[in-house]
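As written, the chain order gives the labels A, B, C, D, E and F, with residue 1 at the start of each chain.
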Amino acid sequence: MYELGVVYRTIPRADNDFAVRLGALGTATVHEAMGRIGLMKPYMRPIYAGAQAAGTAVTVLLHPGDNWMLHVVAEQIRPGDIVVAAVTADCTDGYFGDLLATSFKARGAQGLVIDAGVRDVRVLTEMNFPVWSKAISAKGTVKATLGSVNIPVVCAGALVTPGDVIVGDDDGVVVVPATLAQKTLEAAAAREANEGAKRAKLAAGVLGLDMYNMREPLQKAGLKYID
Amino acid sequence: MYELGVVYRTIPRADNDFAVRLGALGTATVHEAMGRIGLMKPYMRPIYAGAQAAGTAVTVLLHPGDNWMLHVVAEQIRPGDIVVAAVTADCTDGYFGDLLATSFKARGAQGLVIDAGVRDVRVLTEMNFPVWSKAISAKGTVKATLGSVNIPVVCAGALVTPGDVIVGDDDGVVVVPATLAQKTLEAAAAREANEGAKRAKLAAGVLGLDMYNMREPLQKAGLKYID
Amino acid sequence: MYELGVVYRTIPRADNDFAVRLGALGTATVHEAMGRIGLMKPYMRPIYAGAQAAGTAVTVLLHPGDNWMLHVVAEQIRPGDIVVAAVTADCTDGYFGDLLATSFKARGAQGLVIDAGVRDVRVLTEMNFPVWSKAISAKGTVKATLGSVNIPVVCAGALVTPGDVIVGDDDGVVVVPATLAQKTLEAAAAREANEGAKRAKLAAGVLGLDMYNMREPLQKAGLKYID
Amino acid sequence: MYELGVVYRTIPRADNDFAVRLGALGTATVHEAMGRIGLMKPYMRPIYAGAQAAGTAVTVLLHPGDNWMLHVVAEQIRPGDIVVAAVTADCTDGYFGDLLATSFKARGAQGLVIDAGVRDVRVLTEMNFPVWSKAISAKGTVKATLGSVNIPVVCAGALVTPGDVIVGDDDGVVVVPATLAQKTLEAAAAREANEGAKRAKLAAGVLGLDMYNMREPLQKAGLKYID
Amino acid sequence: MYELGVVYRTIPRADNDFAVRLGALGTATVHEAMGRIGLMKPYMRPIYAGAQAAGTAVTVLLHPGDNWMLHVVAEQIRPGDIVVAAVTADCTDGYFGDLLATSFKARGAQGLVIDAGVRDVRVLTEMNFPVWSKAISAKGTVKATLGSVNIPVVCAGALVTPGDVIVGDDDGVVVVPATLAQKTLEAAAAREANEGAKRAKLAAGVLGLDMYNMREPLQKAGLKYID
Amino acid sequence: MYELGVVYRTIPRADNDFAVRLGALGTATVHEAMGRIGLMKPYMRPIYAGAQAAGTAVTVLLHPGDNWMLHVVAEQIRPGDIVVAAVTADCTDGYFGDLLATSFKARGAQGLVIDAGVRDVRVLTEMNFPVWSKAISAKGTVKATLGSVNIPVVCAGALVTPGDVIVGDDDGVVVVPATLAQKTLEAAAAREANEGAKRAKLAAGVLGLDMYNMREPLQKAGLKYID
């Protein structure tokens, strides 16, 4: 978080299998399993509908208008990783485009999460390379100032430690600390297990009021029905 | 507007036929027919392109980060209704997802208009369940505090009285008071009736300047042409 | 910029061929070729994914909530033009819909760039008429106050002089002054020429660090690797 | 809400004494007494620190960039009133300045609440004329389109019916329906009555945890202390 | 606008006397005299209440997070100038603090207008050095990339040509092109001349409706009074 | 960061003397000494001009619209602390007012930093109790859901670990990790030591261009002067 000009080459990554399975459950379920924390701000949006990705975080801290470190982080990507890019101040510049995406993809990256802007979104979409960003902008950047790679960063309001599991889909991006990945997976899977039965009941017209036994607590809380 | 902890079970609804026909005309035409009032703020966006819905409003007032009352409102939905959800303070949490959508749909809801966030948007899109919201967010909510159902609410800057006609499409969401539904429908239909002929003229190269006889008022206002 | 109530009928337009060829290169490449200036703010978004347009600017200055001058500018459109609309104060109203689009298209317009709102986006999408705007809103406008046509305007933070080349795509909108069109085209084409080779190398796993010879300057700047 | 071009000259106003006494209690206390509803959005800010006002609402509905109706509403002001101005679409123009303030003050207005911009704020401050607005802007407006006076309006997210009590201070603006003024005053006064004793206890170092008996419910909710 | 890495040392400045006299009239009056154009966006706020300045523009184009050129522009300041700083992309960093203010003041600058952030605002306030900015931020900047000095720039939505008159006060910042300074001054002074008499009438209870003869046009427009 | 329902009673605090001395240097200087990281987003503003505070962080994680844990954190305050409050999702509600301020002050708190809203700002100002917040709002909150006290939190984009030094003033809020407090203090003091001499030179008319020896690097970068 507080070191500039350093690249950590060795980071403990969460087991990739956790990432794959958490990704299959989706951000909403994972976020609930986390106790409703660990979510990035909702301004982080996928650049195309239906984008989905899950992987282990390699992180990079950038400066406003400067994408130099994205080239540095590329070398640290291993298959199954997702790059998480934070900026030291608010910036909407287009830090990332089709060339970097080609490079990231060749290194095995599952996607990019960046608290700034990206460009070449038509090509990125055709490449099916998922990106979550704050903005889309053709604005280019310089390569002048050092940031860092694989230090803890705050990205869109969430702390990301290198090696954490990152899950992204249409609903946003959630961060699962490596140490909590297994426990979160179990809780999320348990949560998911009930959903099919619940959905069937609700589809059949059963009300959540009854399915979740809410009528009594609502009455206790003082809810009044008026005809 | 000012009652908390109450559910009105009996509300006078506008004739559903008005809703269907206003919906076919679209928000822009209906809004013009209303005299350019009754539109929700433009930050209300459909969760997928091409979303369209029209129906009678059942309303719900929620608290920040608390979706308890969405389960209460589900029971009050009748076929042809649209749920309109307001919050007592700005909030982007994901109040509504695929389970509630399944329940709302089973009750006959035509869609949801919510001045907050929703989640599970990929599934909602697959379900073809139209939602207009301020945000998309995986952030879950608690069930702790009573709001109200079927009281007048202010949603995204527009007053909605239970039973009003709600029309939503790609251009936004417009509210037509039940008492004005017939008159608005007539004005909107009259407006629409002329559009085909106008479109044909404009497509043939006739200018709006001539078709609407604007040249004289523009000249009177002082417009000068310079070669 | 500072004249109200005037319409310039004769403007020097950049060669349309420059517009076509700059459009084929895309906003990101053109913006880089300009030296990273001339881009509109990133809040300007296409109303549908994949929108692309390039042409010579005819400009119009509007007042908040008043679209009268869009009818005036229609007459000044020549085939190959793009209409660029600025407003004297922030406004999200829907100034432009399917009827005006029909008229603009009949006159040969390639698209619209408007620092305000538009409506009828479903029909505009079906018409394949590209629009970049700040907002989508069903809110209609009045026709009461004179603005101007074909004066220099500031649109979404960029100065647009009538006749400039405008290029718009998924990444935003860039303005190329008529006098710089040829030089920019050459620089952009040169830039583009290298991209294929670069992309192939990156796809093969070569790192930008090596391809761009960044390792030495990064070391000089003090970058440290830690295992 | 839905009538344009009308001025209601006769409105039932809440007793002015309620307004005065609610004003003395302040927005936070009044808003709590209302059950935490009726507050305008927090973007409504006083133009100078320490602004305070309370009165009965005369309302006006304006169009974007058009302040004509502010002159119409001036005539309807009675001593003790506060003018509440809504706009049919988002606008930051400076609708109101020192001349209108002079007129409003001469008519007995206690202040202005406007969901748009104002100007001449230095003079307004010197006049000690309290205004709550969304923006400050030197941008002037036209006088071209009719709105209405003394119809119900939605201002900054709150419904205001003519004659309602409006209370504004540094914390924002709250609306008390005329029919609820007495009941709200009683609840607010009761709430206020306890505050002095509470403040003395807290100043003496007693914790809210003890004063409000929160330790048991916190423990029941599962709170754990770790040394 | 489109040249990078250049400093124009010789610019034609508007007569400083025009600046002084326009400044005395204030932004609202000057902006009206300009025909309601030339105003910067209302997000530009003075860093302290009561800030007032007027002068001739020296301009500087900066890059995001890089304040190098502020040192370059300092040398070009002449007594009576105001520095106008634009950035090539949105940025809230604190480009300017007490040291630069000391330097600018020593060179005779009347103030700073910057479409970005500033810092040391307590000291700037004590120095009585007026600044209008988009943000206040302690975030520092680098000195790595060339911009330009004394080229035309777009600052907060307004075109500023070096030598233009800039007027700033509590209501915002307005730009008067050098060539329009005299004409604008005359129009503004004429406008101001009537204000005293108008204010006296309004203070005496005369309504704007009568003073401006609005009753007839309102009636023609269809305004209806209801008792 | 990821534990809910826990209160850490024992935290290692940075030496209070570091906090006092860093506070005297101010956020801009401290932030530079940190290498330009550790700053909260610039939307965090003091509730009154001239607010200044420095202390050791006790942290609290809140839920939207729920201030229960502010009462829990009060007990953990020791003289010299600053309370840092984060929320699990964006919220502008008024979580904190004069009663809690009285309690916090009685416990020895130096101030509050909250990524949400506060109220009673007139009284807080009179109490001279410094608060940095995202919003001011009379909107009250409930007491229903557990958060945590003295866990690491992300507040306004910055990671805060309990015991870190927090410095706030008119320019914003900066976080100095306890482990970096001494080193940062030394760097900041060194930086400050030179400022007096620099200021005197600049006030005497010496240019930063010369004082910082920028002319040569600017020339190397290609800067051109044009007369």
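What we mean here is this: a contact is a pair of C-beta atoms (placed from the backbone, for glycine too) under 8 Å apart; a residue touches a chain by one contact, two chains touch by 3 or more.
Values in this document were obtained by computation on a predicted structure and should not be read as measured data.
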{"item": "Common touching chains of chain C and chain B", "value": "A, D"}
{"item": "Self-contact between copies chain A and chain B, residue sets same or different by half", "value": "different"}
{"item": "Option in A-F, B-D or B-C whose residue-number contact pairs overlap D-E by over half", "value": "B-C"}
{"item": "Where chain A and chain E are represented by their mean Cα positions, the distance between them in whole Å", "value": "42"}
{"item": "Centroid distance [mean C-alpha coordinates] between chain F and chain D, Å", "value": "31"}
{"item": "Set of chain D residues in contact with two or more other chains", "value": "36, 39, 42, 88-90, 92, 137, 139, 145"}
{"item": "Contact graph of the chains (line, ring, star, complete, other)", "value": "other"}
{"item": "In contact (per the touch rule at the top): chain pairs", "value": "A-B, A-C, A-E, A-F, B-C, B-D, B-F, C-D, C-E, D-E, D-F, E-F"}
{"item": "Chain A to chain B touching residues, read off their complex", "value": "26-28, 31-32, 36, 39, 42, 45, 49-50, 169-172, 174, 195, 198-199, 202-209, 212, 214, 218, 221-227"}
{"item": "Parts of chain C lying in touch with chain B, wherever the complex brings them together", "value": "5-10, 48, 68, 71-72, 74-75, 92, 94, 97-100, 102-103, 105-107, 117, 119-122, 125, 135-140, 143, 145-146"}
{"item": "Chain C-facing residues of chain E, complex", "value": "1-2, 4, 34-39, 41-42, 61, 88-90, 152, 154, 157-159, 177, 180"}
{"item": "Interfacial residue positions of chain A with respect to chain E in the complex", "value": "63-66, 88-93, 137, 139, 142, 144-145"}
